[in-house]
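Report on the structure given below.
In order of appearance the chains are A, B, C and D, and numbering begins at 1 in each one.
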Amino acid sequence: MKTKVGLLGFGRTGKNVANLILQDQNYQLEWVFRKSKVLEKRSVPDFFGIQSEEPGHIYSAKTTSIDFLLDAYPVEFIIDFSAPEVLHTYAYEAAKRNVKIISAISHYSESEINLLHDLSADNVIFWSPNITLGVNFLLLASKYLKEIAPSADIEIIEEHFKKKSGISGTALKIAESLHIGKSNVLSVRAGGIVGKHEIIFGFPYQTVRLTHESISREAFGNGALFVAQELKDKIAGFYTFEDLLLPYFSKKSITK
Amino acid sequence: MKTKVGLLGFGRTGKNVANLILQDQNYQLEWVFRKSKVLEKRSVPDFFGIQSEEPGHIYSAKTTSIDFLLDAYPVEFIIDFSAPEVLHTYAYEAAKRNVKIISAISHYSESEINLLHDLSADNVIFWSPNITLGVNFLLLASKYLKEIAPSADIEIIEEHFKKKSGISGTALKIAESLHIGKSNVLSVRAGGIVGKHEIIFGFPYQTVRLTHESISREAFGNGALFVAQELKDKIAGFYTFEDLLLPYFSKKSITK
Amino acid sequence: MKTKVGLLGFGRTGKNVANLILQDQNYQLEWVFRKSKVLEKRSVPDFFGIQSEEPGHIYSAKTTSIDFLLDAYPVEFIIDFSAPEVLHTYAYEAAKRNVKIISAISHYSESEINLLHDLSADNVIFWSPNITLGVNFLLLASKYLKEIAPSADIEIIEEHFKKKSGISGTALKIAESLHIGKSNVLSVRAGGIVGKHEIIFGFPYQTVRLTHESISREAFGNGALFVAQELKDKIAGFYTFEDLLLPYFSKKSITK
Amino acid sequence: MKTKVGLLGFGRTGKNVANLILQDQNYQLEWVFRKSKVLEKRSVPDFFGIQSEEPGHIYSAKTTSIDFLLDAYPVEFIIDFSAPEVLHTYAYEAAKRNVKIISAISHYSESEINLLHDLSADNVIFWSPNITLGVNFLLLASKYLKEIAPSADIEIIEEHFKKKSGISGTALKIAESLHIGKSNVLSVRAGGIVGKHEIIFGFPYQTVRLTHESISREAFGNGALFVAQELKDKIAGFYTFEDLLLPYFSKKSITK
């Protein structure tokens, strides 16, 4: 039986994530909950012009309460791609019903982070500002390489579409976790590049490059479902992407 | 005080390794032992035109015995970049004197591998056909990524100078350790490319590339000294590069 | 005033091209003509959910004749992203009315190629199996580099999504135009890579790489509009992408 | 018969260039002329430990005059990899004897540039601050692409060894010739990277990358010999690398 999922947010990324969940054989998009009334009551499969038996109707916070939704159409996971402040409107209700929360919101203030930690005492709570598998793998692999070769020179090149302003948050997070400065993060802004991150480790006689290239925003959906899979049998607690990946980096899993 | 090292082999790679050891502040090139009588009794620093106080004289197996050398000029490590069969001429003598052996020979037959394992009962023995840090990191990191994402498509591109014949041994080893076939290893042969290995992990909406570029053969020397550093306090046993890297891939070393 | 354009074909690529034309300030999507009756009479802007004053209605060959369309809604260009045999259904009618033809069909048989050449006596006719600007630039630039350095080793790497079967037609065309064999074209098939072509020129002490990365199919639309721009003031004749680019590769345009 | 060449300068680059000329079947290294007395009278083949019948002795300006050298051992080309001010010590003498000058000096002041232009009235004079074939091809190819697609976003990434200070002169020259600002040149400094230049052209739906990777300094020698080949039948004049490449970028040479 498919695992039922409710999605918060139906902006550009939310739409891509919804599309991805619809195509996954292990997950069922039970509903989408959004602020706006645009597209209200439309079915998501219909919106994408896809044949699907999944219900996936769109509800607006303006006319429907999250309590009602969680009771009428129960889910195992809420995946949140909406906005920071939305957390306060659903987190208690979800926790009360033991719904696991997967949040991919980039910029939470302290109040949201505290709320997540509070709820994690009795619930499975996940939060990661970047929820793609590839980027999180790179983050961890590069930390290990730095442990192994602390004297290597590290530089980060991030490439994005021309209109993206500021340094990419992902690049900054990588830099921070490797304890290197902003001046070692180089930003290319050109045309329509979806997103590329390259971590360069310079050695005297060799160079190692760890590169992640985004093809489309559906990667976020893939990441969210990977997270859901990992959280399925976890006990209550606060989880990050790193927490989910670390067990893979252990001797037993790798040696023949 | 510098750690004393004896080097076996003084071919193209051996020369580069010797040059590298000479420049390292923690290691002293005590002597070079080679088959040929060419350059016999010359000092290595002099050969390279470098000012150095390290002795580093070149001895030939034709006129000097390894017993004599090991007694007259004791070393903590023997680093072997010579040829497979050479192992039989020095391994017992080295083991008898508790000299640690670091072998970077690519193609040992069973008899040499058995010998190494026998000696490892009482001695620190290391063997790795590819002794660069970067390649071995890639090997391990890609294994972990495959554990995390078993359904990703994996392809390997290796690039080398035009005259290199056959698929690169390193690429084959990576393919083997990832359980992918030879048909997924693509070989570029062009001009004077020193050596590049790229492991591509293809996901539906993102691509991860792990790349190693060789700049020069001195990288082998760097790898050998990294190994020496790691072996310094190890107990008797048979070690591979993977054995030395695995402890770095553990939770404690990485989480703040 | 905007230049009026009619589009043939509304499959996956056709849709992307239509979307691109809608967003261009110099071109007006006058209509789309397709075989299927699906979406008939719908307006393209409406289909994409875009606010636009451009008419862009969809007509089906099953209920509307191309004669009627060309008379009722005259255009300066027909851009053809449909199928090879479709050419016979519109080419004479278009030529009779002096409509310029831009065809991006990959695989024409001799009969279509002959037809195009016949019509080019009195009309502006363009045909290119790959209509992206970047790929055609690479094709030409690599030819020049081969002229300059005939002894360089050339290898081509093409990367595409896992399910793409066969070697990419673009890679084969590059190989053919550089007179190198199929064995020098390496194909990576992994995940969802949209399309990447890399031409490697190997020299003894340096390497040149000319790389093209596709982000999305809209690139075809951009290419078609570049072609339209170039053809605007051309006299009757048969044009390829190479014909349009060659004038740029001339001394006068480049030296200060 | 081999073309005779005299080399000025025997520093790190000069040595690599000498080595390259020795290995070329069409050119004979007649002599090396340098400021320092170190290695005076040594033969270059002997210095490199190469078997060669080429004379290639090393002369010092401190004990030998260029007049004597040019008369005693006449050459067709002088290749200059020494220092800016050296030009004044040999240019007139060379010109008087119709020796063609190939200068690869990076930073000439106005007085040297004027001197070169004066001599070019009656002599074949070549000057290029970067004399590798690949970089000069990239320079020109990228100019053409900018002509073709003036609205593309252009960014340049240059990568060099950690200790290289300042932005690479080659990258600055590329930027200048494409009329883009310094802020679009990104510098990576890591480990022992020999030298990499990547020019990125960003389009809305595609990306073109023109990349040059240096493997070793011998590339300068290769470039100098390419230049010699091109200059062999040229009439008196002042030539740059661009002047030599431009004729290749013409319609006739490329269309079948």
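Please note the rule applied: a contact is a pair of C-beta atoms (placed from the backbone, for glycine too) under 8 Å apart; a residue touches a chain by one contact, two chains touch by 3 or more.
As the structure is a computational prediction, the values presented were derived from the model and not from experiment.
On residue numbers, the A-B interface is repeated by C-D, which shares over half of its contact pairs, out of the options A-D, C-D or B-D.
Mean C-alpha position of chain B lies 51 Å from that of chain C.
Annotation: 37 Å between the Cα-based centres of chain A and chain C. In terms of their C-alpha centroids, the spacing between chain C and chain D amounts to 40 Å. Across the assembly, chain B contributes residues 191-193, 201, 203-207, 215-216 that each touch 2 or more other chains. Arrangement of the chains shown, judged by which pairs touch: all-to-all, with no pair of chains left without contact. Those residues of chain B lying in contact with chain C across their complex are 152-155, 157, 159, 161-162, 186-193, 200-207. Listing the residues of chain A that touch chain C in their complex gives 191-194, 215-216. Chain B makes touch with chain A in their complex at residues 20, 132-134, 137-138, 140-141, 143-145, 147-149, 201, 203-219, 222, 242, 245-246, 248-251, 253-255.
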